[in-house]
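A, B, C and D label the chains in the order they appear, each numbered from 1.
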Amino acid sequence: MDFAYDPTTEELRARLLAFMDEHIYPAEPVFARQLAEATDPWARPPVMEELKSAARAAGLWNLFLPNKLHGAGLTNLQYAPLSEITGWSAALAPEALNCAAPDTGNMELLSEFGTPEQQERWLKPMLDGAVKSAFCMTEPDVASSDATNIATRIERDGDNYVINGRKWWSSGALNPACGLFIVMGKTDPQGPRHKQQSMICVPRDAAGIDVRRGMTVFGNTDGSHGGHAEIVFDNVRVPAENLLGGEGEGFAIAQARLGAGRIHHCMRLIGKAERALKLMCERVLHRSAFGKPLAEQGVIQDWIAESRVRIEQARLLVHKAAWLMDTVGNKGAHAEIQAIKIAVPAMAEWVLDRAIQAHGAAGVSQDTPLAMMWVSARTIRLADGPDEVHKASLARKELKKYR
Amino acid sequence: MDFAYDPTTEELRARLLAFMDEHIYPAEPVFARQLAEATDPWARPPVMEELKSAARAAGLWNLFLPNKLHGAGLTNLQYAPLSEITGWSAALAPEALNCAAPDTGNMELLSEFGTPEQQERWLKPMLDGAVKSAFCMTEPDVASSDATNIATRIERDGDNYVINGRKWWSSGALNPACGLFIVMGKTDPQGPRHKQQSMICVPRDAAGIDVRRGMTVFGNTDGSHGGHAEIVFDNVRVPAENLLGGEGEGFAIAQARLGAGRIHHCMRLIGKAERALKLMCERVLHRSAFGKPLAEQGVIQDWIAESRVRIEQARLLVHKAAWLMDTVGNKGAHAEIQAIKIAVPAMAEWVLDRAIQAHGAAGVSQDTPLAMMWVSARTIRLADGPDEVHKASLARKELKKYR
Amino acid sequence: MDFAYDPTTEELRARLLAFMDEHIYPAEPVFARQLAEATDPWARPPVMEELKSAARAAGLWNLFLPNKLHGAGLTNLQYAPLSEITGWSAALAPEALNCAAPDTGNMELLSEFGTPEQQERWLKPMLDGAVKSAFCMTEPDVASSDATNIATRIERDGDNYVINGRKWWSSGALNPACGLFIVMGKTDPQGPRHKQQSMICVPRDAAGIDVRRGMTVFGNTDGSHGGHAEIVFDNVRVPAENLLGGEGEGFAIAQARLGAGRIHHCMRLIGKAERALKLMCERVLHRSAFGKPLAEQGVIQDWIAESRVRIEQARLLVHKAAWLMDTVGNKGAHAEIQAIKIAVPAMAEWVLDRAIQAHGAAGVSQDTPLAMMWVSARTIRLADGPDEVHKASLARKELKKYR
Amino acid sequence: MDFAYDPTTEELRARLLAFMDEHIYPAEPVFARQLAEATDPWARPPVMEELKSAARAAGLWNLFLPNKLHGAGLTNLQYAPLSEITGWSAALAPEALNCAAPDTGNMELLSEFGTPEQQERWLKPMLDGAVKSAFCMTEPDVASSDATNIATRIERDGDNYVINGRKWWSSGALNPACGLFIVMGKTDPQGPRHKQQSMICVPRDAAGIDVRRGMTVFGNTDGSHGGHAEIVFDNVRVPAENLLGGEGEGFAIAQARLGAGRIHHCMRLIGKAERALKLMCERVLHRSAFGKPLAEQGVIQDWIAESRVRIEQARLLVHKAAWLMDTVGNKGAHAEIQAIKIAVPAMAEWVLDRAIQAHGAAGVSQDTPLAMMWVSARTIRLADGPDEVHKASLARKELKKYR
């Protein structure tokens, strides 16, 4: 259980930190301005393509992908501190490095489970950052944290599969560059509970797809990242070879996908919390009220100390989960992945709330990244399974020791 | 300390509850649609004018204004349960009844401190709901919770005053119908700490006013309510008779204004929390996961019970503060107003957070009013003075008992 | 819903406050010394009898008992502020005024449900403060918050009842003056769920009673108040006329008893919290660290303000519950009684925790009453039903509105 | 930063775990019974000497002491999991292994700073477990978290030092086997702030020592461990060679002592929390209410999951602090030692509170170790500096990064 950074990690950290300073942070106001000036809510600020080129040139590309054939080949423990750094500017850095959800998870699936043809057609352009994708799992009508509830049908019809159902929170689907939907549905609704589901690749332009609307998150469309779509699949027909893995393997594939997705979220949230703490410290050093700097107010000091203590603990737990994923696999690390999914978003939300409060009205506004970081931290308490589902599952594991 | 509703209150409550059912709730989706379809971010959904007519016809108009000459003449204790009801649909009902901030506070100022000419020119059209207003107090460069920090200058020059300064969070200023800015600034920067400030009425179209931008609140412009403007006053010149009250009375007038404003916020937050609790209950009764309705999950029940307990306590404290304002005046009720300002937004935020969590992803989206209600509750922990300022002041009062 | 104190209450408050100053507070160190010097762990410090005489002489006696024939005949709303005052010195004042549990609940039962013979034999000496009693309900082997679990048997045998079972947390049973156990058990284990139980009066010296041990509460025996006994009833035989109420009425009688017991606990907890806040204020005004009085530390001020805000809310809710008990009865006030049972001990525990922390090591020691007050507040989160049971029940009530 | 257990640690863990099962847990009821039967409040249950012999025979002795000449020579990281295990039975195991405070800290001081004569006279019998000691630092009249406040005088008088002052919370001083007081006082009250203090060895039987009383902790004397004494030093005269280190080195020595003491507390608290979680799990699996085992109640599951998540994070932070102490020294690990001092007692208190609640009334009683473990966790939030002092200091460190 050695969490020290190895030379590879140290080298990449140094390179990434320099990249953040030289490219990412200066691009933040540019990105914001381009966004504000856009008339199309789903427009992508042009600065992003520049950042992608720069990141690729700097050798900071596809760091998330453990498969050396397709990506950087880093372990989770190596990737953790890098992903954390991208969290400092989560609206720009992850996408700039081609390390943003949901493409990361989709690329992992295609890399691990895709046929050579599927990899050639979809994975390759995604690895290049040219094509974007969405993952269509959650449904409006059922509690999707219980995957056995999924109602979308994927029915075999000769050489095709026919898809019918309604999805929402398909993030990225409204991105004009989105070319692929990976859809989860039931091929065998009567089969064993965890063998009913399959996954299938659906081209964005297939007939029968109706992208109804973008969902908002505390009023925000996340338009620059392709939004969160509600989509109706009405007799959407795709060739049978589009199936990802075999029939009935959808649940297992989803679990594999979610493990990495969850820890990536947590890594970035550590970075968000660190940036919030930095902003809070800078703010209170330079702001006075009632005759002294806020930094000398006891309540503010309490927030700063608590933030540091909470961040340290959360990071260590994330690193332990990463180390376990590397050494005993995602399944062996299941309890720890649940633990970080419970602990880290709540920690980040807490730190962000205090940082916002320390900023006064500026904290809720567009003048700091805090409000948007808060929105994402809060949302991750729900995304990929609400806290309560993870807690109940973790408790059952703990209780099993004493049965 | 009798909190029972008197016959006047009972009658108005019945009328208002019926109005909510007949007019307000049905208008919510209309309002949302008109908002979504608008191209101007500061456009006002047309349904609002219909609601205003209906409210006026129903005798539900200017209920907030204690002065019988100009408004309904209700006590705070009478108004509290009515204001609470409007909180159930805070984006529509308060404005529909001409009871929305910042106009309420501004009308109170004009009603109490305005000259007959000022009342004729500004109060009258505001009482009619024809003209809107903004209150320009907070400044970006200083901790405005400490009013002695205010840097804007109001300087006498012959028969005029000349205003220079920068304000932000001037809510409502971007409303096309906004006709009046009430501006706080210093007429005597060398005077005694609480005698330096004055207030002045500035027509929206005065030369030298530059409305720079709308501030966002967790990404939202609040455009349909006139947004929150950053405004530069550059040698803005108005006649001397525009001064509200006398020179040096600005701080005292602001205090008077804030007392009512704070309790109105708290009344509405009680309503928001009640609606959140209702939505949470309905959701969990009709949603199942892992084999049983969410309503039977212990954690959800805990949230519901805690919500009820917290709402009850908060309402009683608001009613006590209202009763004190009615019997011993705003100054005598100062500790209780601080207490509700501390307790009620935090309570509402807590209830809303749980209601959101119980809704899953729907909870953060546009499909329920919860996310926007959360934003407002969170923001009120900062608006009109952050919690920490009120707590420090309240603690000093408590400590004084034992010195 | 008028919470103002009426003249009777005002007069009694004045008299009680004077009594506290003249008799109770000066007796606290005497009580502590007598306790420390005693060799018998169940000895009763002699000063208590002096206080009882003084209280009776001052007309501050049996204030808790609403029945005018036997007690002071106060309403719950009248008694609430008096009971709160006794909470300031909860180890002395309630017993000094003959208003201490479990005798209060037992006297209420005898007053309301007892036969004239039972009242003559047991109630009369209890009203005089000469005889003490215990209430034997909770059992070690079952979750007693669910009264249908009770396993103790009360079986008719000719003119007698025969009692077999094991009880614990029978508070007061180890008091040498204890003369009566009111025992709850099942007379009809096959009957309808809430008709199986009965209550019976058992003389302390009946054959077959084995008081096994005193339970400790965070290490304390509460010996001066008769401790908390574990008792085995082995074929204990009493005359049939000792039954309290009819067969099968035990559950209903217990409910009646618990309503008043719970609100009395809450009233006193308000008083404990108030005293804790007073002690915290005094401490921090007179203690300096790192160059300034603790009273000027922001974190301490936060505790003081939060304490005041929480106490105010809790008191109002207790008063509302009392008012409801007076106007619509204990059953009509059931939700509010649950609400205070949830809110008030948690509030008091929170305030006490901060007051302890503000005192440093003195706070956990015998040098302030804080540690013992904390123990009682913490314990009441369990006594008379743990929070979780009340919350689940309250949630079901709330959900019922929307079914 | 490798937290894996090395072979030495693994071997000692296995041996210690076996020792706990074979000796410690079976001795718990014996210890409790001997304690209950003792008439002298400061009596030491005889079973302890048996345990000490067994531990020494098992090679589990003085594990805490890093100096190989005198102790086991383990690193902090090696000792951490062993100390954690002793926390499972903190009333017995630490003392049985001669690893209990305050002797551990005192032995460290003597081992590191003692002269050969001091080591021969005091350290040797303490290493044998034959003689006990106390550390006299905290004073009743000043905020001792600020060591510059200390008022006790140590004045040179010829070949002697003369000590005058009042100490309290001198743990262990009432132990009949206590032979040594290490006393902190001022030799140079006019010197630089951190050079005024010195430490001196005072035989327990020196003339002028008056052990006034034992302080209680939530009503408990901790009598079996020598209690917590209030002591008056009235012209206590000892030879000059009793000085520990040089004049003016008292503050620095105290800091050295406190670092290890704090982490030992935290290690044991992890063990306490683990045992509480185990007891909670076992309890809820075997207890039913309202028709199902408590283990199936959602709220209980929430507590269990949260406990696991919090314990994991806390342990990792403790291990990191231990690793830092081993690699960069106590001074370099200062921030992390503060962080665990803030985080771990609060975590343990939280877990213990839920474990208590899950046990119902049994949880506060003598029938589980929970209540006493809670008392110790709560007290450590105050001991060795209250949370607030550590937080303020940690915040200043964080802020320094951005000045």
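Convention: contacts are C-beta pairs under 8 Å (C-beta built on N, C-alpha and C of every residue); 3 or more make two chains touch, one makes a residue touch a chain.
According to UniProt, the chain labels map to these proteins: A, B, C, D = Acyl-CoA dehydrogenase.
Note that this is a predicted model, so its numbers are computed, not measured.
**Student:** What is the chain whose Cα centroid lies farthest from the Cα centroid of chain D?
**Tutor:** Chain B.
**Student:** Once you count every C-beta pair in contact for both, which comes out on top, A-C or C-D?
**Tutor:** Looking at A-C and C-D side by side, C-D shows more C-beta contacts.
**Student:** Indicate the whole-number Å distance between the mean C-alpha point of chain A and the mean C-alpha point of chain D.
**Tutor:** Using C-alpha averages as centres, the distance is 44 Å.
**Student:** Just curious, how far off is chain D from chain C if you go by their C-alpha centres, in Å?
**Tutor:** Roughly 37 Å separates the two chain centres.
**Student:** From the C-alpha centre of chain A to that of chain C, how far is it in Å?
**Tutor:** 53
**Student:** Of all residues in chain A, which are in touch with two or more distinct other chains?
**Tutor:** Expected reply: 297-302, 388, 391-392.
**Student:** Could you list, by residue number, the parts of chain A that touch chain C in their complex?
**Tutor:** Chain A reaches chain C through residues 297-302.
**Student:** Touching chain D in the complex: which residues of chain A?
**Tutor:** 1-4, 277-278, 281-282, 284-285, 295, 298, 300-302, 304-309, 312-314, 316-317, 320, 335-336, 338-339, 342-343, 388, 390-392, 394-396, 398-399, 401-403
**Student:** Flag every residue of chain B that touches chain A in the complex, lowest number first.
**Tutor:** 138, 140, 143-146, 149, 168-169, 215-220, 287-290, 294, 297, 299, 356-357, 360-367, 371-372, 374-375, 378-379, 381-383, 386-389, 391-392
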